[in-house]
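I've put the structures underneath this note.
First subunit A sits with subunit B, and in the next complex the same chain sits with subunit C.
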Partner chain A sequence: MKPWRLSPHILLLLPAVLVLLAVVILPLILSFWSSLTPFRLTRPDSIYDFVGLRNYARLMGDGQFWSAFGRTVLLLTVALNLEMLLGLGLALLIERASRGQRILRTLLMFPMMFSPVLVGFQFKFMFNDNVGLVNNALQSLGLTNSAIPWLIDQHLAFFSIVVAEIWSSTSVFAIFILAGLMAMPRDPLEAARVDGCTPWQTFRFVTWPFLMPFAFIAMTIRSLDVARAYDIIKIMTDGGPARRTEVLWTLIARTGYADSKMGMANAMAYVAILLSILFTVIFFRKLAQSREQIAAEW
Partner chain B sequence: MADLTLNRLDKRYGGFHAVKGIDLAVSDGEFVALVGPSGCGKSTTLRMIAGLEEISGGDILIGERLVNDLAPRQRNISMVFQSYALYPHMTVRENMGFTLKIAKRPQAEIDAAVAEAARALEIEPLLDRRPAQLSGGQRQRVAMGRAIVRSPDVFLFDEPLSNLDAKLRGQMRTEIKKLHARLGATVVYVTHDQVEAMTLADRIVIMRDGHIEQADTPDEVFNRPATRFVAGFIGSPPMNMIEAEVRGDRLRAPDGAELPLPQAFRDRVSEGQRVTFGLRPDDIYPTGHGLHAGTQVETRPLEVELTEPLGNETLLFIRFGGQEWTSRMLNPRHLRRGEVVEFQFDLSRAHLFDAESGLSLRDA
Partner chain C sequence: MDANRSSRIRKRLTRWGLNIALFLAMAIICLPGLWIVLNSLRPTVEIMAKPPVWIPHELNFDAYVAMFSGVGSGGIPVIAYFRNSIIIAVTSTVIALAIGMAGGYAFARYRFRGKSGWFLGLMLTRTVPGIALSLPLFFIYAKLGIIDTHFGLILAYVAMNVPFTVWLIDGFFRQVPRDLAEAAQIDGCTRWQAFWTVEFPLARPGIASAGIFAFLTAWNEFALASQLTRSTNSKTLPVGLLDYTAEFTIDWRGMCALAVVMIVPALALTYAVQKHLVSGLTAGAVKG
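Up next, the complex of A and B:
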């Protein structure tokens, strides 16, 4: 009898398929399955109780979940826009520097070298109402006498988190936009000056359209980042006080590990991932559009 | 339209003196070409006129207006760049109308101006394309269209044809000439291509090392070059030149070869003076193959070292006075390498330059 053999192309693909299966597909199937059960970490047996879409149905009416969802979108919007404006400003300033530009570029990367957990701890200390740097400075300058509850007031806490996010990640925008500025041809800028543009008009009509794809790359990367925001918030406020800074992933982690409702947490995670996918698709479309606009060859 | 005046215009980059106080007056409607080797300051001069470079000294006047410290947008000029510098994200129509849009002109006026320029340049079918979808020649036309839409006081061209292939360059040259005839515009045109300068310009300004060597009509710079540099720069193949010393009524080359002193210069040199003798390839030819009927012709039998047939003419390379000379044979006959032929030197068309200063010894 002829021995049974795999054809070579299947054989060669097999390692990749097996690895993907083990580390991606299987966990995906497992987590999706568990989102259809009332799986609790404390009652392992519950993974076999199929309840259909009940977890998802409950989510739809869950106020806590939707406020976390909304807060995540808000954080995304506010942080990304501010980061882009600041990053753009930084990039424009650094590009003008004729000396020491390399050093400035290196310095720009510094905030990215710290773990978000450490950034969280640092800002938690700075915004502490008793011993924090911020209150200390404000009081020394005579701007206030009271201890401002930065991490306790709902709005101030959100603000503090935004500040920490911006500090740690503005450089992503700055670096991409700077790369765009450096790749930009000089001649259209000069043509614009001759054509009658003020410096602002040159920026608005010539520089910015060219930089847009670079900004959108940064946007895509950062939207994925912020949509899964966890570490900084976990450290600074842990979603508190009273869940007022709760975002999707702090809620999911709490539901899954603290309340051990893993089935529900997985259902939430699937909805959260939809959000990430949505933002990615939007920014990718924009990116493709703006690339086509400047006839980019990359 | 307006005239343009440069007074003692100066540019320094740190220790480097790029433009050394040049004077130039371009009259209304005149086409002036700035030519010279790389680094001679021609582009810098143009960019100073445009306002893209600050000036270190002197004055620039457009019409009666001193524009030294005005921004480019306040000078009412148009510029065509070597790289075309089109806005990649705008259509051809938007590119051309951009300057009027910035000037907040009514849309109807913009459309009319763009349509007219597009018609003149025959780019109407391209109006809705983006620059990336155009060929080099089409981009060049769009760049020119963008310049004429604005009806500026002065047109500035910065080597506009150097990115095109030879055939297209010839076409666009004609195109520019027609355009200038039609618009009657004041033009300053920078090029390193002497053919462009000769064919297009009313006046050619030859620059070297930041100063002007000669500014005159194409005919004058070709036939009466003011300096040895101009003589060598204008004309192709370049003028034959040889160092010589005045000995009575003869010129002696370092290797002892002699030629009679051209009559036109007889009273303008002194005994023993060191000079550069120059003669264009057109003025050395095998007997019977010349262009002009010379009044002082010297005949020498010389060996043909190399021939370059071009169809309507043949370039011959010969050795005389210790160096290689180029000769242009019109109505060519077949000549072999090594053949000895009678060559005529038309000394009535010769040039003499002072060996020290490089200035022409011809009466001014």
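Up next, the complex of A and C:
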């Protein structure tokens, strides 16, 4: 009988898999179990009290949960699309700048270093209705006399959060799309010009397909980490005022820690996790698709 | 002739328009940070002034002095927070790098069944929102008694960073031609020696930037830290920032000063590796 040995790739992957099993997968299994119980931190015994899908059934009929869910999807869709568009624009602008590209690229990294908590505070400060930069500027320019309640009005608060989110993440897209622009071969562009394409056609049919994988890498990286928005929202409005900017993540934190309804919070958390996984899988597949297309054409 | 001139003018106008757009975009990117720095140097009266004071009358370092002078005199235990942040971020980065290097090497150099499935699975563990993961972690950590310890946070951050370091390092190892290590092996190196003497030095800049990325993630993380820390034993800087908020008031000046303290190390590190960061993530973009 030959001695049983692990092949090297399994051995190399083992530490990563073990850590993730211990710190992510096992806790998730536990949290799935507790989402099937009426578990409360104040009554530890309640974790053995199996109630099946009651928490989930309750969530289905919960208006507050669904509005948070809808708001989360809306926020992600609006923010990610705008970030992609603005990042593309920014990258194109920087690419055609003749001088100072290095400096511009360095400045571009700037928002990436800001902790999301910091971004939250910074924009909470700037959008403050009393001492904030935005209102002060508007008033000094004579555009308005009143203190605009940026973080208090429902729609304005949502807008402010989107602005903070976009400020912190647009540069991720810009940086990757810029890297794509730099790596792009020049010949197809010249060929397109010789063939009489307008600038728009050149962009649409030559440049953009080449940039797609780079844009989707940025998308994938962002979607791996969409829940960073929790930090920003937690600081800026904490889901308030009166739950008008509540998203899934703030709702989970409130239900789990403030109301100590862990079972219910875990059921919500599972919905949030599935949502994140859905976003990531979509972008991973698009990334693979656009890669194949590029490989076939070039 | 006339058509020539008008088209030249139009070209110049669009060029100016685009330059102005670029300038505005860069201003929007930089201004918030500068605003924070400026306000950390201004007295509170000036921050609160109505009508607003645009040109500062006096600048001083009072906020920084107050912050570092300890709990009693209006400061917060910022030195303890800073120490916790450094210990936790550095340790978790080193461990995540070691694990990520092993994993990334496996993905870059070996063929095995279900490789892309494993890769996707590894990445998906990263998508779990911090706040969702904190619920069961909080419970388990409480049972194990490792809430409010460095160990607990380090463990969590290692797990958070492993998927991403694997991705980055995989990209960098794929850029190193396979032939080099094979040549070394033909010359009599073991696989282990070939790795350390040939492949590792070539991939080193990439590994460094993966390290910085992991460091920044741990340095900036809030959702987990806010639930798994309790006191100066393990509170990190992002959680410490909340010390400046009271129920209805916020000490803007102190907060800005702490923000500057948080940002400076991150700034220096990111600047050091900016070149390699992007190339690592996009390494597989076109070649697949």
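Observations on the model:
As a working rule, the second predicted complex is superposed on the first by the 270 of 298 C-alpha atoms of A that agree within 3 Å, B and C clash if a C-alpha of one lies under 4 Å from a C-alpha of the other, contacts with A are read in each partner's own complex, and residues count from 1 in each chain.
Note that in this section a residue touches a chain if its C-beta (ideal position, glycine included) is under 8 Å from a C-beta of that chain, and two chains touch if they have at least 3 such contacts.
Here the structure is a predicted model, which is why all the values come from computation and not from measurement.
In the superposition on chain A, contact is made by A:P185 with subunit B only, not with subunit C. Within the superposed three-chain model, A:V194 lies in touch with subunit B and out of touch with subunit C [touch as defined at top]. Of the two partner chains placed by superposition, only subunit C is touched by A:S171; subunit B is not. By the document's definition of touching, of the two partners only subunit B reaches A:V206; subunit C does not. Once the two complexes are laid over each other on the shared chain, residue contacts for A:G70 go to neither subunit B nor subunit C. Shared-chain residue A:T280: touches subunit C; no touch with subunit B. Of the two partner chains placed by the overlay, only subunit B lies in contact with A:Q293; subunit C stays clear of it.
Taking subunit A as the reference chain, the count of touched residues is higher for C when subunit B and subunit C are set side by side. Judged by the document's definition of touching, subunit A residues 294-295 lie at the interface with subunit B and also at the interface with subunit C. On the subunit B side of its complex with subunit A, the touching residues are 50-52, 71-73, 77-79, 81, 83-89, 98-99, 102-103, 130-132, 146, 150. Interface residues of subunit C facing subunit A in the complex, by the touch rule stated above, are 18-19, 21-22, 25-26, 28-30, 32-33, 35-36, 39, 47-48, 50-52, 54, 98-100, 102-103, 105-107, 110, 112, 118, 120, 122-133, 135-137, 139-140, 155-156, 158-159, 162-164, 166, 191, 216, 219-223, 227, 238, 241, 250, 252, 255-256, 259, 262-263, 266-267, 270-271, 274, 278-279, 281-282, 285-288.
Residues 7-10, 12-13, 15-17, 19-20, 22-28, 30-31, 34, 89-90, 93-94, 96-97, 104-118, 121-126, 130-131, 133, 136, 139-140, 167, 171, 175-176, 179-180, 183, 213-214, 217, 220-221, 223-227, 230-231, 234, 249, 252-253, 256-257, 262, 265-266, 269-270, 272-273, 276-277, 279-281, 284, 291-292, 294-295, 298 of subunit A are the ones touching subunit C in the complex. Across the interface of their complex, subunit B is touched by residues 185, 187-188, 190-198, 201, 205-206, 209-210, 293-295 of subunit A.
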